[in-house]
Amino acid sequence: MFYTDNKLQYPVRVDAPNPLFARALQQAIGGVEGEIRVAMQYFFQACGARGNPKFRDLLMNTAAEELGHIEMLATAVALNLEGAPLSLQEQMEKDAAIGAVMGGLNLKNLLSSGLSAMPVDSDGVPFDMSHIYASGNIAADMTANIAAESTGRTLAVRLYNMTDDAGMKDMLQYLIARDTMHQNQWLAALEELGGFAAFPIPNSHPQTEEKGEFSYTYLGFHADGSAPAQGRWSEGPSIDGKGQFTSGTLTPSPAVPDLGKAKPNSGAQTEQM
Amino acid sequence: MFYTDNKLQYPVRVDAPNPLFARALQQAIGGVEGEIRVAMQYFFQACGARGNPKFRDLLMNTAAEELGHIEMLATAVALNLEGAPLSLQEQMEKDAAIGAVMGGLNLKNLLSSGLSAMPVDSDGVPFDMSHIYASGNIAADMTANIAAESTGRTLAVRLYNMTDDAGMKDMLQYLIARDTMHQNQWLAALEELGGFAAFPIPNSHPQTEEKGEFSYTYLGFHADGSAPAQGRWSEGPSIDGKGQFTSGTLTPSPAVPDLGKAKPNSGAQTEQM
Amino acid sequence: MFYTDNKLQYPVRVDAPNPLFARALQQAIGGVEGEIRVAMQYFFQACGARGNPKFRDLLMNTAAEELGHIEMLATAVALNLEGAPLSLQEQMEKDAAIGAVMGGLNLKNLLSSGLSAMPVDSDGVPFDMSHIYASGNIAADMTANIAAESTGRTLAVRLYNMTDDAGMKDMLQYLIARDTMHQNQWLAALEELGGFAAFPIPNSHPQTEEKGEFSYTYLGFHADGSAPAQGRWSEGPSIDGKGQFTSGTLTPSPAVPDLGKAKPNSGAQTEQM
Amino acid sequence: MFYTDNKLQYPVRVDAPNPLFARALQQAIGGVEGEIRVAMQYFFQACGARGNPKFRDLLMNTAAEELGHIEMLATAVALNLEGAPLSLQEQMEKDAAIGAVMGGLNLKNLLSSGLSAMPVDSDGVPFDMSHIYASGNIAADMTANIAAESTGRTLAVRLYNMTDDAGMKDMLQYLIARDTMHQNQWLAALEELGGFAAFPIPNSHPQTEEKGEFSYTYLGFHADGSAPAQGRWSEGPSIDGKGQFTSGTLTPSPAVPDLGKAKPNSGAQTEQM
Amino acid sequence: MFYTDNKLQYPVRVDAPNPLFARALQQAIGGVEGEIRVAMQYFFQACGARGNPKFRDLLMNTAAEELGHIEMLATAVALNLEGAPLSLQEQMEKDAAIGAVMGGLNLKNLLSSGLSAMPVDSDGVPFDMSHIYASGNIAADMTANIAAESTGRTLAVRLYNMTDDAGMKDMLQYLIARDTMHQNQWLAALEELGGFAAFPIPNSHPQTEEKGEFSYTYLGFHADGSAPAQGRWSEGPSIDGKGQFTSGTLTPSPAVPDLGKAKPNSGAQTEQM
Amino acid sequence: MFYTDNKLQYPVRVDAPNPLFARALQQAIGGVEGEIRVAMQYFFQACGARGNPKFRDLLMNTAAEELGHIEMLATAVALNLEGAPLSLQEQMEKDAAIGAVMGGLNLKNLLSSGLSAMPVDSDGVPFDMSHIYASGNIAADMTANIAAESTGRTLAVRLYNMTDDAGMKDMLQYLIARDTMHQNQWLAALEELGGFAAFPIPNSHPQTEEKGEFSYTYLGFHADGSAPAQGRWSEGPSIDGKGQFTSGTLTPSPAVPDLGKAKPNSGAQTEQM
């Protein structure tokens, strides 16, 4: 169950409204690396968490935090859009730099939402909830969360480098710090689940049931049969501690795949039957 | 540049065609945990890899392998569909169990592709290439790959548990083993990039520019102010080795967010201006 | 800013787990009439609300409520999925009715989320955030909210009629009641904005700038020129009180639309130039 | 059954082709507030209309009108694109204002459709037919139509404010007038269905089966327990005339949601079982 | 401009309502091979047609026909859904064959549209207007139309084979005949544009500007350098009459692709710079 | 099974990096006319090919070629992005032409992928695999391939006309030549399947089962009953050689479509029952 108040987690201040930066900030709302993604991902992972209840609490608590981040960014987008021109004639004739602003906007931020934020990315593409990874396997979920926060902080850093607005930089310094924490937090949760020993995920599947000769071998697929670049992945103990890396090539299955003829009445051409 | 042959990496054999299992296998082709996703993700990460060229090679080589996995699964889907009824009258009257098969199919596997595989998931939803995470940050890419292989192997194990067809179980034992390797492989690549010291990602951003007091604190968002569940994430050294976990609460920003009045000509109601 | 606790708004009890009903409930989570839609719609409308701040509060407060509804439904889905078979062999041979269950599932609820809820609809299609209508016009937003709650309550009633599980019926009686309130609530907010006099939306556009002869005329497009069915929409005062309904036909523009020839270098065929 | 001719409903004239305005107009074709949406929504509502046949006629007749609106706008887009540059070298060196045009285009209007309209929005996102709300409940459909025309007219007004092309302004004055009529028309249809007494929708569900104590109460979800902003929605008779608005808070369900342990063979981690 | 009447092009009769066949018919409405696709494709091609105006007329006239096909199919879906159960208890206990029906439905046809057709495919996936191919090149458009009618007739034949309902078979015999005509019609239009001599499309591009040594050579990409299967495509005059087919292999570009180092401030890892 | 090497099929050279052209090139990667589409379409057609195995070989061999085209284009995008500004302050003040560049970028090429290619189109919309047409009918597949290469070459020509970079022009001359070959190649494959005699597709359906009086008649749908423009499609032998073109009008079905009343418990309004 959720509650709200009329406050923001951290001050959102825009010194010089910049509609192009509003467009860029949309990526942090509705991009696949954005805050809707993490808020909803932690929410659904929490709702489906089975086993130790502290993970449900950890996930839902963080989902609440991320909802507040969407709110901060949506406020920042609206404040940056305050400077957007509303008509083509305001700009095209006098000033090409302002002209670039109109052309550079997500026009939906003007036409659909009236100078407000939308759940879309920086090119106006709506967020698609298939990006909510909630696998029912708590360790797999943690890897998805580490990935989400890694791409999320990368995005926040790029936004930080893109602007020289002191208010926006201050807000992003807060969000970057929280991404630092969240990367560490999910790494810590994975450590509680065994760390590297949690791999291969899912650990509930008996490894005796997999084809062991392929489990720790780096296979080469170079057309000329040459070995691909070697590295930590081709020798030494495997990271999960359960095998030894080797490298090699594959003997393909000798049979050529053949589906035979098409069934009558299946809508194929006569020549296929 | 890519090459092919007329072979499969590993034999694909279906002892008793099962159209419902064909539907389930579609998830491993066109689901977000499936093989199109990893093939294309490694492909695009390779195409955008900057820095040490061995990562490009590692990624493109593995992309080639994954393309072959799609091919194996597509063959398995087509072979399982061989047993599908082509008409409602074949089944509805005589045998309810067969009736369940027709109802349980992805009908597109029959109507759109004529008993062949499609780039869709187990509910017939087409794969959307926004799931290709290729961030331009090689460490973030590795976390995305670890996550992809973790959910991928979880899916393969679920498919393995779902069938008792010996041919299909054999094929899945191969694919599960390769997922074991790939989880380890990307963990190994991350180790080459510094392991935990690669965090927070991106490591090129100076941490002095983030709000340090929020970087390693587990914040609580319980409505009654009670502390959320504690764990490895709330005390001890941070996993990246650059801070100390603490836990606490947040003092919200005192100002209520206020966008003020709507601009004239912005399409708002008069009452908003 | 958002807060959570470890509770549900209303008890969620499933007496007899039914995986098919789990699939149906998914529509109330990730369908276009579902709870993600309203939660996010009110959230984004709140974030972009300009003018009287009480609307921001009304919207954000209700967004918090709807987040709790997603949580309830996600719990209900997971509880209903407890009875799902995990393998085809568990069922196909012995019992066709159980067979129908496996065929009737969203397979992703099994394969992707491990018997948990997902942000998808009853056919496994992920929710697409383009359904978040937040127009920047507060009256237009209210009409969108009335529509959302009308289709939402229709869905809830259909789910209620579909099940005979006492626990599920009890939960749905709560959700149906809240939809009753929310329909009334947005109608009330529209009344505060002037009720019918708020139309035509946006009311900030001077009606003198529209082609008045077309503003209150019900035009017929029957091929034989016969009048379409008449009703309240073809006579009497208009509902907005600003005109008089009439009915009639249209004199088309005499000119045939003609784009002329294609430009050289535009990639057209030579014959088009 | 549909018929066509070689005419337009209303003249479409572009005095000074403006490719940026072509992009903006795309929102009125393929945006969620656009004409494809209403044409197809009324079409499908008509096809599924049960009960009094005059509603089928009303809906299909209006669908025919809206198809003609798409045609007008598509012509307007093509005419505005006549001025678009076809090469980067035409512009980048000489004139930054023209440079802004190329950058500001939906490039697909050039690359995919050769200077013609497409069924996409102003940011190039294709229209998705999930936006066709046709619920099988005629009153719910009317609320969806009122909402569609409210956001549609808001969009048309924004486009009108954006351009100073006399031809385009004239065309938009026609479309804005038709939106005025259509808002009123659907309000009138709703009046025929009982007006406010049609609520709560669906009215066929006996309200005795809902939890009446929640049906007309405005619940507060402020974290500190303070009352949210009061208004018409928190006191007085409900708009549907069937209850009395009150306001209050909720006693959450005491039980903490708990899904227990994961099932064996469900692909979870061992720690969850 | 469009007109309608209250009639159907051809009688739609369902002798024995079959909800599973309703689901299958949805593919012919909202599938990528379905009638929305062709109706909208011809509509947008017409709106963007430049050059000889008879093509605009041909396209728009056929668009009108296809709109009527959607209407017929939507009626057929609704009539077939008349037999659908509305509750799980109606069926699960008594009759597994009926149970299969509920599981086999697109649940949205029940939950979202109240036993009516929707613009979705047979697995409930909404139609996405990116499938409207309207290239601005009239010959390319004709090839897209031939392809659309070829897959469309294949679908109609599969539906015909799936049912034994005399009414449905009769309706499909009409639709199959129209697809026969439409395949021929677009082939005929292509013949007017030069037939094979229209290729390569676009014919306005001077072939002297392409690398002629690659224009008519069938290149082999077999990993072992063996020649791929030969056929009409590897010898004899090319179909466009402008070259001679040969076959051969490719000498790759000697340089290894190398993007060099990542730029500072681009969000990459330090190791990439 | 697939193999790779570290080479490109043809040199990719960018003389003057142009971020706007990078955006345009994205259409050739992730647009519906782009290389992902053909690579995956030929791949899936190959995997589902039944009948003469040489078609599987032809398709898979060409899929391998097209994967290499994606690689070339992805390299070209990354090289063109080298010149992109990373911050708004780099440009807005000094130079409006550079300002247009930032506004004209797909911002995701900067924010999501760090100056690398993505599987999206020129407006940042991700490729959706529903565009992979693989029908199970080999002749229908060939028509889809001819269409894909026709729109593909049209796109390549437009890109060629857009740039004056000698390196890019050289690369596009190669790709245009390959599209010439591929158009011819699929036409040749269709010739092997009977050429025009393969129509109507599927040829396995007995034409005696369709309503022959509608199979070769060009029907008019002009509202005033006038004949639509005549052409090769309205007289002479049909292109498939199996009929004679005529033209005419249609006598609609006399019955008005009528779904009757809504079922109780179906969620309709009481007035519909």
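Just so it is clear, A, B, C, D, E and F label the chains in written order, and each chain counts residues from 1 on its own.
In this section, a residue touches a chain if its C-beta (ideal position, glycine included) is under 8 Å from a C-beta of that chain, and two chains touch if they have at least 3 such contacts.
Everything numeric in this text was worked out from a predicted model, so none of it was measured.
Q: Enter the angle, 0 to 180° in steps of 5, of the rotation superposing CA atoms of chain C on those of chain E.
A: That rotation is 120 degrees, given to the nearest 5.
Q: Report the chain whose CA-based centre is farthest from the CA-based centre of chain B.
A: D
Q: Let me have the rounded angstrom distance from the C-alpha centre of chain A over to the C-alpha centre of chain E, please.
A: Chain centroid spacing, chain A to chain E, equals 32 Å.
Q: Please compute the C-alpha centroid of chain D, do the same for chain E, then give the distance between them in whole Å.
A: Whole-Å distance between the two chain centres: 26.
Q: Using mean C-alpha positions as chain centres, tell me how far chain C is from chain D in Å, no decimals.
A: 10
Q: Residues of chain D touching 2+ other chains?
A: Where chain D meets two or more other chains at a single residue, that happens at 1-9, 32-33, 47-48, 50, 53, 56-57, 61, 64-65, 68, 71, 75, 78, 86-87, 96-97, 99-100, 103-104, 112, 114-116, 120, 123-126, 128, 130, 135-137, 139, 151, 154-155, 157-158, 161, 201-202, 204-205, 221-223, 252, 256-257, 259, 262, 265-268.
Q: What topology does the chain contact graph adopt: line, ring, star, complete, or other?
A: complete
Q: Contact residues on chain C for chain F in the complex?
A: 154-155, 157-158, 161, 223, 265-267
Q: Which residues of chain C touch chain E in their complex?
A: Residues 18, 20-21, 23-24, 27, 31-33, 95-97, 99-101, 103-105, 121-125, 151, 154-155, 158-159, 161-164, 221-224, 252, 256-262, 264, 266-273.
Q: For chain A, which residues are in contact with chain D within the complex?
A: Residues of chain A touching chain D: 1-5, 47-53, 56, 86-89, 92, 96-97, 99-100, 102-104, 106-108, 110-112, 114, 120, 123-126, 135-139, 193-194, 198, 201-205.
Q: Which chain F residues qualify as touching chain B in the complex?
A: 1-9, 30, 36, 40, 43-44, 47-48, 50, 56-57, 60-61, 63-65, 67-68, 70-71, 74-75, 78, 112-120, 126-130, 132, 134-137
Q: Using the touch rule from the top, collect the residues of chain A that touch chain B in their complex.
A: 3, 5-12, 32-33, 53-54, 57-58, 61-62, 64-65, 68, 71, 75, 78-79, 82, 86-87, 114-116, 125, 128, 130-131, 133, 135-137, 139-140, 143-144, 146-147, 150-151, 153-154, 157, 160, 173-174, 176-181, 183-185, 187-189, 191-192, 196, 199-202, 204-205, 207, 209-223, 228-229, 231-233, 238-240, 243, 245, 250, 252-257, 259, 262-263, 265-268
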